[in-house]
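What follows is chain A paired twice: with chain B in the first complex and chain C in the second.
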Partner chain A sequence: MALGRKNNAAGYILILPALIMLAVFVIYPMFMNIVMSFRNYSLLRVGDQNIGLQNYQDLISDSRVWAAVSRTFVWTIANVIGALLIGMGSALLLFAGFKGSGIIKSMILIPWVLPSVITGYIWSLMLQEDAGIITYILKSLGIVAHDFSWFRTGPLSMSAAIMANMWRAFPFFSLMIFAKLSSVPQDYIEASELEGVSPWQRFRYVLFPFIKPTVTICTYLCFIWSFNAYDILKVMTNGGPAELTTTMSIMVQREAFQFYEISRASAMSIIMFFIMLAVLLLAKVLLAAKRRLSNGR
Partner chain B sequence: MADKHPSLGIRYRSLKGKLVIGFFATLLFIVVFFPFYWIILSSFKSFLEIFETPPKIIPVSINFANYIEAFTEYGIGTFIMNSLFVTITTVLVTTIISVCASFAISRLDFIGRDIFRSFLKATQMFPVVVLLVPLFLMCNKLGLYGTRSSLILPYIALQIPVSVILLSTYFADIPAEMEEAALIDGCSLPQIFFRIMLPLAASGIVAVSIYTFIQVWQEFLIASSFITNHDFYTLTVGLTTFRGEFINWGGLMATSVIIAIPAMILFSISQDFFINRLAGGVKE
Partner chain C sequence: MPRIVLEHVTKCFDKFVAVDDLNLVIEDRDFITLLGPSGCGKTTTLRMIAGLETPTKGRITIGDTVVFDSEEGIDISPAKRDIGFLFQNYALWPHMTVYDNIAFGLENLKWPKKKIEERVKEMMAMLKIEQFEKRFPSELSGGQQQRVAIARTLAPKPRVLFMDEPLSNLDAKLRLEMRSELKRLHVDTDSTFVYVTHDQLEAMALATKICLMNKAVLQQYDPPLVVYNKPVNLFVADFVGNPTMNFINATGERKGFNDVFVHMLGKDLVFHSSETIDGDVSDLVIGIRPEFVKLGEGNFNGVVYTTLPSGMETTVKVKHGEDMVTSVVFGSVDFSHSLDMPFSIVSDNIIMFEKASGKRIAIGSLS
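So, the complex of A and B:
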């Protein structure tokens, strides 16, 4: 680094604009959110005061909040498992190679580039009760009943939205895992071929150990993206029917912008944030403990 | 890339293996591309054709009525201008701020550099939902609520961390000899920055701006919460105007095509960035 000496002033001047923007529009709002969560500010009432932990107590004793938390986990876990399995499967497929795999590889990211709101709408259209192409095919094959609808019950609505979200998310993981697979040394693969191992054994003992760190990153990314996801659920189910697909982010947005309960929404979003941090931290601790255990042996 | 791994068995693949791979490859192809086909196809269908059973899979006629209606009756022209204004302003400001910051963290040494870097990594993943309420209050206080600035300012801040991190990899790739030579020739720091670093990082700057564009172009949560006036709707929010008593699917899909086109074009321009840097380049 030739410019690496005595450049404190230049460095600070150059990062200053970024620092100011982040301080004003990310850090300060975060603190403001915490402060707000201890008040009882609402757009429907005049005046507000400090009420301490009242909002948190109310929310924790509210069964609707817990229902939303558990739905957020159902939604997130299903998305993580689904998107990663499909992502890994398609990465292996691209890695194995076939006619046209180059084209698919260069185009596979386009579901991820398509605005998520549109993803929500096109899947709603394809899953529509009568004329939706997917529902229509399932009905004519006799797989589902004639009066079947995706959007009448909670679990089915949730599955519909999960399908759409997985379609959007998996290509990214597919490419990440594919890139890692391409870096597996040729000798390893050739050696495994000489040994005459089955494809499954080759995956389990040669390829998987290599891509494991990438799969871990993908899991973290997919967890964070899905946990905070809003667009697709909002467009496809709007949290319904009867709140059965209302996740935390849908609930926070509604509390603030439909019910105008600003402080309650603040407290909700803080709870949501700390649940997310807790899961990430727990995963980190567990992974570290597991690594220590296996190294100790 | 896949072709570089012939030893994986392409040459010796059995018929059964070929069939299995062929089946899954076809499935993958359909899963990835069919929804796009369906968006385009539906954008040409009339209201009745959309609800026809069995649904027509091959276009009967190319009918632009939905596109015309989207402009004349739903006024998406205004939404397009709003989206363009918000996105382009955000991209320009974000890029200028991020180029400066990423040059600093990848080529200069200053006290606190590593702290700033970790700070960016921490804010990069910050969920928007958590900032939604306080940003709303701030915009209210500043009298910005409902204006396009109430979108642009948060967007810039939220895009900066990723943008700086991605850009700094391009600056870090520039060999140190380049600036050493420039220093010996007596170039000042601004000269090195403008004459050497910027041109060398240009392709990266374009790619990262495109990434920012695609992200901001599709933003929905903040836009749908902060913009209440129809005249300031961005395109993603504007799609909701097609939902009345019933959904005008044809118009919605036509508008979706219009929204998707810039994102798709920009993506194809910087495909290499998305495939190799963004998805392929994530380090442990």
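So, the complex of A and C:
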């Protein structure tokens, strides 16, 4: 027993450095964020006091916030679906194997490891209205008008940013799903071959059940990452034109570091957190309900 | 009815030859075991017949259909070969119930719903798994999963059933039980079974014919007792039988067409065969099954080295000069070590191998 207690102390000492780092850089800021959201702290004024739920009331009744929330959902859903489909498709392609798939396998992670700010700049350049390669090709092929610009209207700006983010996000799906596919026992694939199933059925009944847990986790992760994503939008559109690509994270950033309304930004980020939590919980509940239904037949 | 014919079938993986010029005829309703040490090419052979592996050369016929021919470029997909394949790890669909697992293949074959239901019920009754109908594979024990796998494989009434070491994941007791059930199933289903195993006892017990392979080459293809009693070479003699055959080095000299003077275990003996002995008899290996070594009396004087009782029988190793002779005694005895033990060799099924080539050249008796 005495020995056990001594070991325990040693254990705590060992995790202490990590614990301190966590406390200083994660736990304290999080706590302060909550505290701030109930005050009216601004970098433009001296002094601040507790104003209770005033910030929340203001934000909830602000139509600009709700517009940002809905844009965040558009942005997130488009990204998750796009990255998931491209990721799964490319994983299946890699799994089937083709000439040169080995090289692609090792290169596919490049978009993922590139800093997303760089990705944003690259895509901005490629989509730039005069000299961007993509715009140039589209223009010379006559697909778009000569005065076409990606960044003039809200939907187009949004799709440009979504394209860039999808390009950045899909390799992660690709690799995770490919890794899972590679671990499907050969027996199952051969058994399906012997039973003469069609390629679609093979995917539906043999491969997909295996990769389903991976796809679920990837979807959750992609949801969280997209919902919070900030850098690509900041670089490519900066929330414009006319706030039409301003998502919540852009709004929080602007509120805090352009308008210096720290308390309002804190409250906004907490609202963001609860929206995200609600979506994830809803997904969990729905999945559990579905599982119960399919087991109970 | 299906008769499987393999002609000059060869399979190379890059430079490694897995199966070398294999010729094999599997008759309808046979229970064939492909036997051999790991890496001998038995599984590759099975997979080639099933269509999961493409031979490098050769021709495979199932029934009247040529399913593979390297020269004519025929290669029929596994699904169209009308065969069943039982995997070592069962390969049951983990997300489907027992019922759905059995029905899935039938649905793919576009059977009418009513017939599927009938057939699945029939298979579940046959393999005594009715009570598990709604369970998932993960909720079943290994033996139960095995039964589901068999039911699934047999459901579409395949003409031929292939099995790749199907019992190796089961515990010893269950393995024995499933072995007898498989043999029974073979009779009941009236189809051809091809079975891969590395366990010679399993092969002996199940097969109507054993196909013994080593290093990509077919060694012997005969009924189990023929393989046991008349092994064609040293490899076969050594591989089949437990405890293994005694191999005793000997020198010989021809005495006539059927007789050879043999010098072994320090004694001069006469080997008498009922047939003409053909081959070089100067350097020999004499093969004696342990059950032919009778302990207690005889003109050989050995010393007990170890005794391994297993209840029903006892394996006794006796040291005779430099040689070690194994004997099997029925019943339970326990000799003390280093006990003087005279023994005799009594049988007309002693096998004479040519030492250089390892080939069997005669079967006969020693006196």
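A few points about this structure:
Please note the rule applied: the second predicted complex is superposed on the first by the 291 of 297 C-alpha atoms of A that agree within 3 Å, B and C clash if a C-alpha of one lies under 4 Å from a C-alpha of the other, contacts with A are read in each partner's own complex, and residues count from 1 in each chain.
Assume a contact is a pair of C-beta atoms (placed from the backbone, for glycine too) under 8 Å apart; a residue touches a chain by one contact, two chains touch by 3 or more.
No experiment lies behind these values; they were computed from the predicted model shown.
Contacts of A:V215 after superposition on the shared chain: neither chain B nor chain C is touched.
When the shared chain is aligned, chain B comes close enough to touch A:S90, but chain C does not.
In the superposition on chain A, contact of A:E193 is made with both chain B and chain C. Of the two partner chains placed by the overlay, neither chain B nor chain C lies in contact with A:A68. Legend: residue contacts after superposition of the two complexes on their common chain; A:L114 is shown touching chain B, with no touch to chain C. Looking at the shared chain after the overlay, A:L127 reaches neither chain B nor chain C. Using the contact criterion defined above for the overlaid structures, shared-chain residue A:P185 touches chain C, although it does not reach chain B.
With both structures placed on the common chain, the touch criterion links A:Y205 to chain C but leaves chain B unconnected. Of the two partners chain B and chain C, more residues of chain A are touched by B.
Residues 190, 193 of chain A lie at the contact with chain B in one complex and at the contact with chain C in the other.
Interface residues of chain A, counted against chain B in their complex, comprise 1-5, 7-8, 10-12, 14-15, 17-19, 21-22, 24-30, 32-33, 36, 89-90, 93-102, 104-111, 113-119, 121-123, 125-126, 130-133, 136, 140, 167, 171-172, 175-176, 178-179, 182, 186, 189-190, 193, 213-214, 216-217, 224, 227-228, 230-231, 234, 248-249, 252-253, 256-257, 262, 265-266, 269-270, 272-273, 276.
Across the complex, chain B meets chain A through its residues 1-10, 21-22, 24-25, 28-29, 31-33, 35-36, 38-39, 42, 50-55, 57, 97-98, 100-101, 103-105, 107-111, 113, 116, 119, 123, 125-138, 153-154, 156-158, 160-161, 164, 176, 179-180, 183, 189, 192, 214, 217-218, 220-221, 224-225, 236, 239, 249, 252-253, 256, 259-260, 263-264, 267, 271, 274-276, 279-282, 284. Residues 50, 52, 77-80, 83-85, 87-91, 93-96, 104-105, 108-109 of chain C are the ones touching chain A in the complex. Of all residues in chain A, only 185, 187-188, 190-191, 193-197, 201, 205-206, 209 touch chain C in the complex they form.
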